[in-house]
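Both complexes below contain chain A, partnered by chain B and then by chain C.
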Partner chain A sequence: MNYNYLAKRTLQIIPVVLGILVMSFLMIQLAPGDVVFMFIGESGADPEFEAQIRKRLGLDKSVLEQLILYLKGVLTGDLGKSFVMNESVSKIIWDRALPTIILMSSSIIFGAVFGILIGVYAATKPYSLRDNVSMVIALFLYSLPNFWLGQMLIIVFSVNWGILPVSGMESMILGDKSFLMDRLTHLLLPTITLGSTLGAFVMRFVRASMIEALGQDYILTAKSKGLSDGKIFFKHALKNALLPVVTYIGLRLGYMLSGAVVIESVFGWPGLGLLMLDALFERDYPLIMGLFIVISLSVTIITFIIDILYTYLDPRIRLK
Partner chain B sequence: MRNKTLSTVSKLILPVLLMFFVISILTTEKVVAASKHGGALIIGVPGSQKNLNSAIYPKTFSGQLISINLFDGLLRVSKMGDGKLTPMLAKSWDVSSDGKTITLNLRDDVNWHDGKKFTSEDVKFGILDICRPHHPQGKNNYSIVESITTPDPYKAIIKLSKSDATFLTKLDSKWCSMAPKHILEGQDIPNSDYNNAPIGTGPFKFVEWKKGDRIVFERNKDYWAKSSNGDQLPYLDKLYFKILPNKTSLISSLEAGEIDFIHSYPGYLAGKEISRVNDADNGIKVHSFAYANMAFDFIYMNMKGKHTGNKKVRQAIAHLINTDEIIDKVFAGVADNVRNDKQGFISWYTGEAPSQYYPYNVSKAEALLDSAGYKKDGSGNRFKISIIHEQKNSNHPKVLDIMRSNLKAAGIELDVMKMDASAITEKVHKKMNYDMYITTIATGPDPDLLTKSWHSKNIGKGWNANSSGYNNKKIDNLLDNGRGELDPVKRKKMYVEAHQILAEDIPMLALYGTKWLWTYNEKLDGFPIGYTFRDGLETVNWDGKIPSNR
Partner chain C sequence: MIKILKNINKFKNFWKIFKQNKIGVVGLIILLIFIVLAIFAPLFATFPPLTTGAGEAFLNPSFKHLLGTDNLGRDLYSELLYGARITLLVSFIAVITSTVVGVFLGAIAGYYGGIVDSLLMRITEMFLVIPPIFLALVLVAIFGANIINIIIVISILSWPQTSRLVRAEILSLKERPYCKAAIASGASDFKIIFSELVPNTMTTIIVNMSLTQATAILIESALSFLGFGDSSMVSWGLMLNNAQEFFRQSWYMVFFPGIGIFLVVLSLNLFGEGLNDVFNPRRKK
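Coming up: the complex of A and B.
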């Protein structure tokens, strides 16, 4: 392990996140509209009340002053207090992170397993019927808008057949259902919806790199040694074919987080995506900023982990 | 090989069939008990909530529906436009002949959810220390309160600096729900933890709030109110509010039986959805009701606008909009036309419609435009004008599609702009830099609410205030005098006159009255007429047919 490299990469995260912070802080200010409206509602208020709210939220200061105050807070680990929710931003994000982690993990596992299985299956006989059908499925899945697929799955499985729940992470009233079963049934549709695009891409990746790997000399050697097809596919070819897939899944995480914003709203999944949507509509600046920090940090850290993972998957790669 | 596949398939079939069997048993409803009491209700709400203290938080549609179950007001204003007041925490009241002293006689059997007695001290504290400083409309509503004295625990005397015909209506929970002095005294109200888990006197008690997911209340067994046939209220044991931001999922959840009731908010259900839900034979029906304080969709016309500043242009636009077509195509008939000789936008109070209502008439509109100097050019166009609508309302884009083709017929090109509420506040209500803006406004239950949108003192005063910039001294006087006038006959006359002037000047054009839509499971009973988002769910019940999963 090259510790110099690790230290360098860790330090690189700081300017990246700081840059994202300053940029997003300024960009939020560009959006038309006024956050104070969210405290007033449909009945309106008099200007004095508005001024009072503005002062309480610290919006009476200049943008630069607000930015400096905010950065000071962030550096001391204080992400501020939500404008509308009467709680600290870190607590709100912490409470809502678990559902998103669960949904993202299950979607990645679903997408990867589904993609790898079909990809390998297609690659075993390139340009055959099975290959063509698999690729049409892949094309279909990644052309579909996620929210539409989600709605269709809800209509078929929940409304028409009544076998899976429409929304939420658990039943309001558990009754005599088992806790685990209830959670799993709630997880199924959002997982398929969010994981399908990933699955489609992985499918194509695996197929292409499998076909390439299967044409290599070491496969011929393995065949001539009399190894079974299964061993050749899974032990020799797939192991090498997976390398670009791992990178791809890592890169895809950022997209999946943005997909979660839509999917969580369709399925009423109480995670960070839904929180982000609420925060944006309510102009809850501290919460939006807090979410930006958490999301940009996690994407950077995950990319970093994948870089390290690489050295294990391919011993030829050395970190410098 | 084939046999092997077959045996694998047959091994799989049995567990799958078993799974379906178990699921179907779990989801089958069993009918139990015949009492009206008991059971839970799951209500779908469209947005996440921020705060449960209805005394200080903006009255958003779904927010009010939730928190009002925890609280009571001093009295309740009828929603039918008859100005009737119903006792709540105040069992009776007297108003002095000069209208400046109001004596409230309170119920002596009301407890806070923590068991402490509700007394006149709470009334004084609630109005002066909570609602007046912390409710967005508090200053407007209670600045005329000079003092509140509490001669005994169940009597509160409110002294006003001047008479106000509308003051009693301000004691409705819409404007001030009672707050416990023994808990809130000395606290930093906007930042108090109380706002997340409040204690009220209402029919339900707070249990749990899982942010972004659910809010749970349970029955307040010691609630003071009884139903008209003597049943102890509330009927339901528990209320679950399930947060579902996506409109389609909200309806799907109801159809799949996951939730029992969706409360209305403007534009949440399109016309064709209403007929689809009602035609599907699954026990779910959309019920529509119109109230006197019901919302009307208005088009604000900017009095300083390049084109809308001209009265003839405003009148021509009014003649061009085909309201019947809009009601038919967008609302599937579930809306009231308020542009005819029978109904205007405050006819629920005045009892008559203004003489001018601008029926759909393209040639009349063209004549008005010609005489205003807006002649057609070579390609048949006169001018271009824009209209803003709020993104949340799903009906307005369809209304504006029709309006666009209506205006096109007379050579006016309509540019439709979608914005979010806070951008509209800035552009329309503060800077007043716009041509037209479509929105929903409740005009009742007291016509005094019109002051906000038409009195010149409210020009540029924020959300849905006088943002057309209408400045008419005669209207100002009528509205001011209407507020102070205690004689109902004289008062009504003033509003008849104001209605007529506003219909002629059209600072805002009323299009149609939208109806409140409640979509719920047909097994439910007890949604009273007069129920709107201002009232709690204490009378709602399963009528003895509680499903086993509730």
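Coming up: the complex of A and C.
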């Protein structure tokens, strides 16, 4: 492991993290209207009560002081208290994180498997019919608005055929289905919807990466050694072509979480996306900012870990 | 006059190569159909926009109502045509503003390097990790869901990508002899950047615009669908938001606006990739 690289990458993410925090702070500062009125109503209460609320929210201090207090809070894991629910923001987020983690994981697995299989299949014969058809499928999938795909799937599978649940994460009455089966049937459509966009991008990426790997010198060496096409393809080219896919999926995490907000809304999936929408409709600023920070920082940290792992798995990168 | 003739010639040459690219041409044709339909919506529409009770509610497609009617008896076909105006216009203006900002900042960063460049790169990296819809939702919810804010938000989300692309091109272009010659001749930085370097990144910019508009349409639709669009302007996303409650009664209300979004996004992606193949033939093989 190269510690210089690790140190360099760590230094690089600090300004990004600070930037995200400052940005979220500024957004609330710039928001039109005074937050205090959310507590006392527009008509205004007696000035003493207003001052009291202001003090409790820390609004009596200067903007810079507020920023420093805010950064301190976030760095110690304190994201403030929700305006609407009488609970700390970090607890609310923590309680709702699991459904989103489940949905994201299943979608990533689905998208990666589906994308890699078709991508590799297309790369076996570049510019052939199978390649062209695969690429058209990819193009169609990433041109689809995914929430619409979700709605259409609900109409076909849940409303018309009635074989899958319309929304939510679990049934009220379990009936004769097992607990796991119930959860899985609820998970199926959201996973396909969210995973297919990722699958489309992975497909194109794997295809390009495979074709590039097949053009390398070591493939020529393998050929001259008399190895079979299958062995060259799967053992030599595939191994090298698949590594960058991990980084690529990491880069698409932000987009996937974007998609998750919309998909959770379509399927009534009780995760962070739905929580975000509720917070937005109720103008629960601490919760909105908390979610914004937690989500953005999670992506930053996961991308960072993937990056470090990648240099560990592929020594060539360290030299750059 | 000579300049115009030169440009016509340039266009003819471009068209000669572009028309061989089948996917690009298909994309362009679909796109043009939608643009014509949107511009001349009053000519093609069978009912004025937002006419409630043009027919009964939830009618199936017929000769009178080509795509059926919605929950308020509005003619879906006519609504769709007028909706295309909003969807296309919002995304187009957003692409223009984000391109102007992105090209300007990217060119400055690429040319001067140093602190300006690192600062810009850190900002664009920040945008890589922030989920776009989250940022868009937060901004629209805080500052108000109107058409101007939506355009601004989509521009904010789109410029970093343009900026990175232009910066990378300027970095390599400024090492070319013609740029060195311009510097030696004493041209001002402003002139070198905007009349020597930026015009040479035009092909990248145009391809990027077409792909950015595809994304812009998806973002606008998602925002409207989630209920954070401009409720006074019926875009395709808003039609889908409205359809959400009624898809048990009529699947047409969901199906057609979605197909509209899909076809326009697809055509922009096809057109963009076609252009890319024409402008950067090396990339293809």
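Note that the second predicted complex is superposed on the first by the 246 of 320 C-alpha atoms of A that agree within 3 Å, B and C clash if a C-alpha of one lies under 4 Å from a C-alpha of the other, contacts with A are read in each partner's own complex, and residues count from 1 in each chain.
Keep in mind that, in the parts below, a residue touches a chain if its C-beta (ideal position, glycine included) is under 8 Å from a C-beta of that chain, and two chains touch if they have at least 3 such contacts.
Note that the structure is a prediction, hence the values are computed from the model and not measured.
J.: Would you mind checking which one, chain B or chain C, touches more residues on chain A?
T.: Answer, by number of touched residues of chain A: B.
J.: Applying the document's definition of touch, where does A:205 land relative to chain B and chain C: first, second, both, or neither?
T.: After superposing on A, A:205 lies clear of both chain B and chain C.
J.: Pick one for A:151: touches chain B only (first), chain C only (second), both, or neither.
T.: Touch partners of A:151: chain B and chain C.
J.: Which of the two partners, first being chain B and second being chain C, lies in contact with A:300: first, second, both, or neither?
T.: So A:300 only meets chain C here.
J.: Given the touch rule stated above, what does A:70 touch, chain B (first), chain C (second), both, or neither?
T.: Neither partner.
J.: Output check: A:114 vs chain B and chain C. Expected answer is one of first, second, both, neither. What do you get?
T.: neither
J.: Tell me the contact category for A:50 with respect to chain B and chain C: first, second, both or neither.
T.: The first partner, chain B, only.
J.: After the superposition on A, what does A:159 contact: first (chain B), second (chain C), both or neither?
T.: both
J.: Using the touch definition from the top, say if A:257 reaches chain B (first), chain C (second), both or neither.
T.: second
J.: For A:265, is the partner it touches chain B (first), chain C (second), both, or none of the two (neither)?
T.: both
J.: Can you list the residues of chain A that touch chain B in one structure and chain C in the other?
T.: 31-32, 151, 154-155, 159, 265, 277, 281, 283.
J.: For the complex, which residues does chain B have touching chain A?
T.: 20, 23, 26-27, 40, 42, 47-48, 50-51, 57-61, 136-140, 190-193, 195-196, 210-214, 240, 242-246, 248-249, 252-253, 255-258, 419-427, 430, 452, 461-465, 548-550
J.: What does chain A use to touch chain C in their complex?
T.: My answer: residues 12, 15-16, 19-20, 23, 27-28, 30-32, 139-140, 142-145, 147-148, 151-152, 154-155, 159, 251, 254-255, 257-259, 261-262, 265, 276-277, 280-281, 283, 288, 291-292, 295-296, 299-300, 303.
J.: Where on chain C does chain A make contact in their complex?
T.: Chain C reaches chain A through residues 122-123, 125-126, 128-135, 137-139, 141-144, 214, 218, 221-222, 225-228, 240, 243-244, 247-248, 251, 254-255, 257-258, 261-262, 265-266, 269-270, 273.
J.: Contact residues on chain A for chain B in the complex?
T.: Residue list for chain A touching chain B: 31-35, 37-50, 56, 84-87, 92, 95-96, 151, 154-155, 158-159, 162-163, 165-169, 171-173, 175-177, 265-268, 270-271, 274-275, 277-278, 281-283.
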